[in-house]
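Listed after this line are the structures, all set down as structure tokens.
Next, two complexes with chain A in common: one pairs it with chain B, the other with chain C.
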Partner chain A sequence: MSWVERHALGVAAAATAAVIAVMFYLPVGIVLSEAVGIAPGFPPAVSLDAFAEVLSDSFYVGALAGVGADPFAVSRHADNVASWAAAFLAGEAGLPSFGLFGFTAYQALLSTVASVALGLPGAYVLARFEFPGRRTIRSLTILPFILPSIMVAIGFIAMFGRRGVVNDLLATVGLGPIDVMGTLSIVIVAHAFYNAPLVTRVTAAAWESVDARTVETARSLGASRRRAVLDVVAPQLLPAVLTGALLTFVFTFMTFPIVLALGGLRLATVEVWVYNLLGNMNYREAAALATLETALSLALTYAYLRYEARQAAGSRGANPLQRVPLFPSLGALRSPVRLGVLAYAAVVVVVFVGPVLSMVWTSVTGPDGLTLAYYEFLVQRQAEGSAVQTKPWPAVRNSLTFGVATLAVALPMGVAAAVVTTRKFRGRAVVGALAMGPIAVSGIVTGVGLLLGPVFGIPLGGGWRLQVTGATAIVAAHAVAAYPFVTRSVAPLLGRLDPAMVESARALGASRARALVDVELPLVAAGVVAGAAFAFAISVGEFDSTVILAEGSQSYTMPVAVERYRGRRLGPATAMGTVLLVVTSVSFVVIDRLGGRFERG
Partner chain B sequence: MVDLRVDAVSKRYGETTALADVSLTIADGEFFTLVGPSGCGKTTTLRAVAGFESPTTGEIRFGDREMTGVPPEDRDVGIVFQSYALFPHMSVAENVAYGLRFRDPPDGQSVDERVADLLDLVDLSGTGERDPSELSGGQQQRVALARALAPNPQLLLLDEPMSALDARLRERLRQQVKQIQSDLGITTLYVTHDQEEALAVSDRVAVMRDGRVEQVGTPQDVYRRPETRFVAEFVGENNVFEGRVAGHAGETTTVTVDGEDLLISRVDATEGESVAFCVRPEALSVVDGAADGSGGDTADGGTLDAPANRLPADVEYAEFLGEAVRVHATWNGRDLVVRLPNEPDDAALTVGFDPRSAHVVEGDR
Partner chain C sequence: MRRRTFLTASVGAASTALAGCITQDNDDGADDDDDEESTLTTPESFDGTLTVATYESFVDAPSSSPGEWVKEEFESMHDGVTIEWQIAENSVTEFVQRAQRDAEIDADVYLGLNVDDLVIADRELDESLFMSADRYGFENRSAIKDDLLFDPQSRALPYDTGYISLVYDENEVDEPETFDDLTTDPYEGTLLAQNAQSSDPGRAFMLWTVDQFDEDGYLDYWQELVDNDVRIFSSWGDSYDAYSAEERPMVVSYSTDQVYANRYDQDMSRHQVAFPNGQGYANPEGMAVFEASDSPALGFEFMDFMLSQSAQSEVAVRNVQLPSTDHADLDEEFDQYAHVPDETVIFSYDQLQGNLNDWVDDWAREIAGN
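Take a look at the complex of A and B:
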């Protein structure tokens, strides 16, 4: 047996660690060092001025600016809080504002509440009722997660915009028009579109793993049906609901394209403002802001991982609760619960199906009825556009190329990380958290770091420079964003395999790598393929870092093209969005056929 | 085939000691069993032999070869786990053939011939094309055995291979395993928590406790001559008495237990020294309670110099086992287990034992 085969797994793990270090932690470190303004010399002089400026600027932190400026004047701050509280109780003062950070957290909180409110009934319906199409709908709940966010934003504009589908419908009955664009409500509904299905999936999975015998035991001990649900079922669902809520908060705290497209700078979140500062070449302030944002979301993600680790991965109950038919007869429709389900279904259609259909509909309708003009625009732009204009075919080609390249990089990385983190060893928790870091860091931060570091070039000494092209940086950013999803698809399946299987193979003469190829990978194939589809879909839909790295180059992708076409008329953007939808849907079909298992992570 | 030496092996995980200075020598072709309660270190020992755990200190030798640092795939051992660990994505024949991807079949056989031979050996001819999941638990375990033996390993390691099977099947399968083992003459290390199974199949047994070896010996040795109180109580049932030597007379020694004098075979201990001894439930028998001091009902007709031991006991409850009755009783506030041919008639009975059936053990550590 060659040295390479014997150490193949170690080599793969080391290569994965190297890629993560150079293409993720190094860029993030560069953003940090940009923010602290490291001056040359030894030891390098570090200045925290940029942070101090952000933290004492009432634009960023609102009422906390005084605290940021002089954090140790505790008694003065306490006096201020006390006098505000007195004024508030006397009805003379309103709630204080906490600036950009406060607003970002506020919209994330509202989005989380909305997502849980919209997601929980779905979990109830999917877990407790049997009806035709239940499995299909259950698997469709993965879809919003992989839909490109910029495309969803276009869909919401097509539906709720001033000349959107909703206003057209209202006009036909003599109502309207309504104008919700640029309001917080529409941003929050769009966030719920993304995250409510996540809440639904994790909660439904927990509900299905509740052992019916625990409920029966409670009933036999004297609990009423309602009381048994409250005492026995609810506590088993709570961890899943909290998991969904915490993830939603992290995701919406880092929100970018939704707010950029639906809210604009008036509703700017931290992430949007970082992007805005970059556009103004204000790297230092952008870096400081991005670092503070990352620190917050890392803390939240760490809390989430700690919490998740304490919840022992609940295995599916051997004896799940029996589902009841949703519509056993026509008369059953009169029951309040079933009427509620129908009303919920209507909301689901409006929120989830509406935007996607509206986008497709808008792409084929013009002022004079049905038209293919917007698609013709794409073809024409391709044929006649100048070199500086964004053409559709390079966007499609780049998206597909980057998608395949991302797959090729993220798949081995994700599998290697899954193998390493399902093993028991000292420091596993630390390695697992480091490997999951990219989930907690926004694409903007990674994009900025890659731009300032490897793309601009890093001198290595001796005349050598580490420099990568924009395209390489985009693939690296996509791979780093995507591989945690490969890991999360593969690791739970890998963890459930009987370790004696690998040990049997090894005792029979297989090296560790050979046992992985011969035994483990065939048995977790569904997870590997689902992870691959995730990686591809995430690459195709990625916007945050791509829009930064593709600036001024020919490396733009479909989501970037959608954003650039959005500028003037909605038509071309919806046409480009529809193309993107088709590509993403194909990935979804693959995920669905092979069983995406994100929620069991 | 080869002999196996485990030499002063310790294994620590942080503060926990899984194995403390374990030494074993297993002869070429021997069927050697590690038995003990869960957590005693028996499986850790087996995994160290297989190469899945590396000892913190000490050595493991296969014949002359020192195995430290040798990965499992280069150790040439066959292993069978409790969970069978068959590869579910391979057919039965592919499972058995898997090890032949890395080692050639013996005697110039082809892979197909070897697989057929092995399936025949475990009585599963003709199942090669089936999926493992189509077989019963006992059949799956035999496939696992055939797979482990196919590359003709120098050692066979069996880790609780019967524990997932029902009692009747377990008895049949263990005899089949024993038969195959002695036909092949393969050195075998067997791990089980079931002392009855250990006694039934092994050439020699090591009883383990808390990461240490308590006693090594033939099944007869550990059953009849347990060296420690733990072995006496773990291997089969036992009644253990603790007392002080009151004196010696001829072939017997008198031991005072809770104020009552009991006679045991003469032991080498000074007066006043504390001793522990055990008496098997089947060595206790009912004697006539009324005829106190008249000599007991001993196994060989009562030719003792001294009167036999008489223990008036209160019956707590009796369990009917079919071939015998197990009576739980108390004597002087101590629990006694007695195995009798029939249910006792009264709530009180007097049991006795021959001094020669008492066996002195080391007390608790």
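Take a look at the complex of A and C:
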């Protein structure tokens, strides 16, 4: 056995840690440390005033400001709560407001409920039924995840706006009009647009890994179908559903561009404030807010990982349930389940397909009806654009190159992190939560940190600086953003495997890496493929870090091109958006098809 | 000026593209600026590369960005000079951050500076980021309209200006004649505006209301606007997209809106320009030479060129803004569609200094606290 093979996992874990340190913890540390005032001296005086100011500001925390100002006056706070409760019961007081943080958590909670409600039936349909186009649809469920917010905003306005498709349809049957733009409802629908497919994906993957023999055993022991589902299948799905819910909550808690594009400033969230404070160079307050935001996300992640760790191991891998045909006959359509599926399909068409098609539609309509002028613009820009101008083809090429490279880097990183964090050791949930850092930290903070750190140059002492920019830096940053998704896709399945299998392989002389590649990975192939698609998606959809690290070079990607083609007309940006849509759709179908081969071995 | 040595080293064994770069400051200390007040002389001829940092749409707008024309024209006037554009993704903020962290500034000129950019830069930095233009003999500086000069220290000179106004759809609403009109019933749910924290026109519109209602009254006015269902987006782009999709019939935008509408054969009735009280808030765009520039004389020469009659006539049209000088020669069509208000509102640098942050902050909390 070579040294490399024996230490492959250790080397991968160390390399992962190094990349994460330079491209994540250091940049984020630079920004967040602004919240902490350190006066020189021995020992240095550390001031946490910035946090105290945020926590005692009723704009940020509402009714909790008094508690933040004087956290130890417990009896006074208890009296206040008691007097409020009495007033509330007497109908004299309403529900208290908890400021910007309270509103942010509230809308995230509603968005999570909506995303799970909209995502679960999708997982059921994709995992349990067979129908033409099922695999393609499953591949495309990741699409909403990567769509730039401008495209989604334009699509939503064209679909749900005052002059939108929905209102046109309502008018034909004498209803409406509805005016939902700028309200919390439309923001929540948009959050569900982004996140319900995520819930669908992770849940469908888990459903496909349910061991059919466990169901058969339950049935043979006399359990009804319903009992078997509730007692055998549901527990195996719950970790995946909770993963989807957790990710959705964390994402929507830190929601940024879409909430402003559809809701406006009145629905501002904490992340909006972080962005505006950073833009106004108020680092101290921004860092304090972002730190609190991150602490909350990490705490939730930690709680979830504690839960996941308690789940029983013992699965010997996939022996999936058989799918049943969705439309075996015309008559079968009358069954309640299939009618439900049809109703669900109608909702999917309105919420997901509608906005995307509406966006595409704006790219082919001009002042005088149908036109290809905006695609001609793309071709012309490609042919005649000057060196500094953004051209479509390099954007497509860069997106694909970065996506594939990110996939290649993030897969081993994510699997290494999954292996490390599914080992039994004290504090594993802490390490696991820290490894999830990149999804728990505001993207804006990460972006600014990359600028202040790697782009400006990290001082090494003696006037030396380490600068990291350009294509490789972009891939590294994308991989850091993407690997947690690989880990989250793989770890739950890995954790359920029977440890006896790895132990036998090792007893027979296999290295840890060999056991992983030959025994474990094939059994969790569904998770690896799901992770690969995520890694590609994160890279293709990433905006903030790409713009910052591309600095002056030709490393721009498709979402950057969409943003640059914005102007007085909707056409050029939506035409580029349509190109993005087509290129990524094809990519995801290809990834899933290639992955399918790997899954079948 | 600082001299730097660059050493390159690849970081990460598998890297194919240039990834890491280790640099060292080589501070001689001998030649650092004691030439603060000295005058720069115009050499016989210029050569070398001039790096001009600017906002993205100046060189890369889907319409007819002026960048390419400026580059060709200036290079043809000075053999041996090359203009290199640098897109500042984060406007002048990034250069302030660089100065704060002693990171390299490799641009010579910044194009697209606002009054408030300058106020923020001066607030954050002990030493000015930019050099005074008084150090150079300009040919065209006297042509600048006086009311647009916004920097009391003469570092930034305006090369064009926008006027913030309301753009509305005359099929749906009448022309609003005063600010108070906007809070009345016919205008309920009609206005799209932008966040004063993050958008130039949004900030200008807010400042306009401060001018109109005083710092004690503008928040009350905004409360009335909120009650009348104004919608506030984070960027001009988001709000204009919504306006284009006919989500609402009125948007805070630029007074040159009809130039685009005419250029793209759009329905002019949806592109009417209103100046409440006959006023418009001026948003002059300035340019300045970085204190850190290696070739300040060339930088000032470039600024002088931007103020010349030919550049003023051309750049304004291509950038769809109005010229900052009185000697521009605009074509008739542009003149017809680019509207100028009877009266210009603008806060001076001195008025904004010390106030801007509070005005914006109070405003944002008022809106989001609802």
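Observations, loosely collected:
As a convention for this text, the second predicted complex is superposed on the first by the 304 of 601 C-alpha atoms of A that agree within 3 Å, B and C clash if a C-alpha of one lies under 4 Å from a C-alpha of the other, contacts with A are read in each partner's own complex, and residues count from 1 in each chain.
Convention: contacts are C-beta pairs under 8 Å (C-beta built on N, C-alpha and C of every residue); 3 or more make two chains touch, one makes a residue touch a chain.
Being a predicted model, the structure only gives us computed values, none of them experimental.
By the document's definition of touching, neither partner reaches A:S489: not chain B, not chain C. After overlaying the two complexes on the shared chain, residue contacts for A:T16 are found with neither chain B nor chain C. In the overlay built on the shared chain, the residue A:N195 is in contact with neither chain B nor chain C.
Legend: residue contacts after superposition of the two complexes on their common chain; A:S297 is shown touching neither chain B nor chain C.
Of the two partner chains placed by the overlay, only chain C lies in contact with A:L100; chain B stays clear of it.
Here chain B and chain C are compared by how many residues of chain A each touches, and C touches more. By the touch criterion defined above, A:T546 reaches neither chain B nor chain C. When the two complexes are overlaid on their common chain A, residue A:T584 makes contact with neither chain B nor chain C. Of the two partner chains placed around the shared chain by superposition, chain B is the only one that A:V519 touches, whereas chain C remains out of contact. In the superposition on chain A, A:T243 makes contact with neither chain B nor chain C.
According to the touch criterion, chain A has no shared surface contacted by chain B in one complex and chain C in the other. Residues of chain C that touch chain A in their complex: 11-12, 15-27, 56-57, 59-63, 65, 67-68, 85-87, 89-90, 93-94, 96-98, 101, 103-104, 120, 124, 189, 195, 197-198, 226, 229, 231-234, 237-238, 240-242, 244-248, 257, 260-261, 264-267, 357, 360, 364-365, 367-370. Against chain C, in their complex, chain A makes its touches with residues 59, 100, 150, 153-154, 157-158, 161-163, 179, 181-182, 257, 260-261, 264-266, 268, 272-273, 275-276, 279-281, 362, 367-368, 377, 386, 388-390, 451-452, 456-457, 460, 462-473, 476, 547-548, 551-552, 564-570, 572-573. Chain contact summary for the complex, chain B toward chain A: residues 50-52, 71-75, 77-79, 81-83, 85, 87-89, 98-99, 101-103, 144, 147-148, 151, 153, 157. Every residue of chain A that touches chain B in the complex is listed here, in rising order: 1, 6, 498, 500-501, 503-512, 514, 518-519, 522-523.
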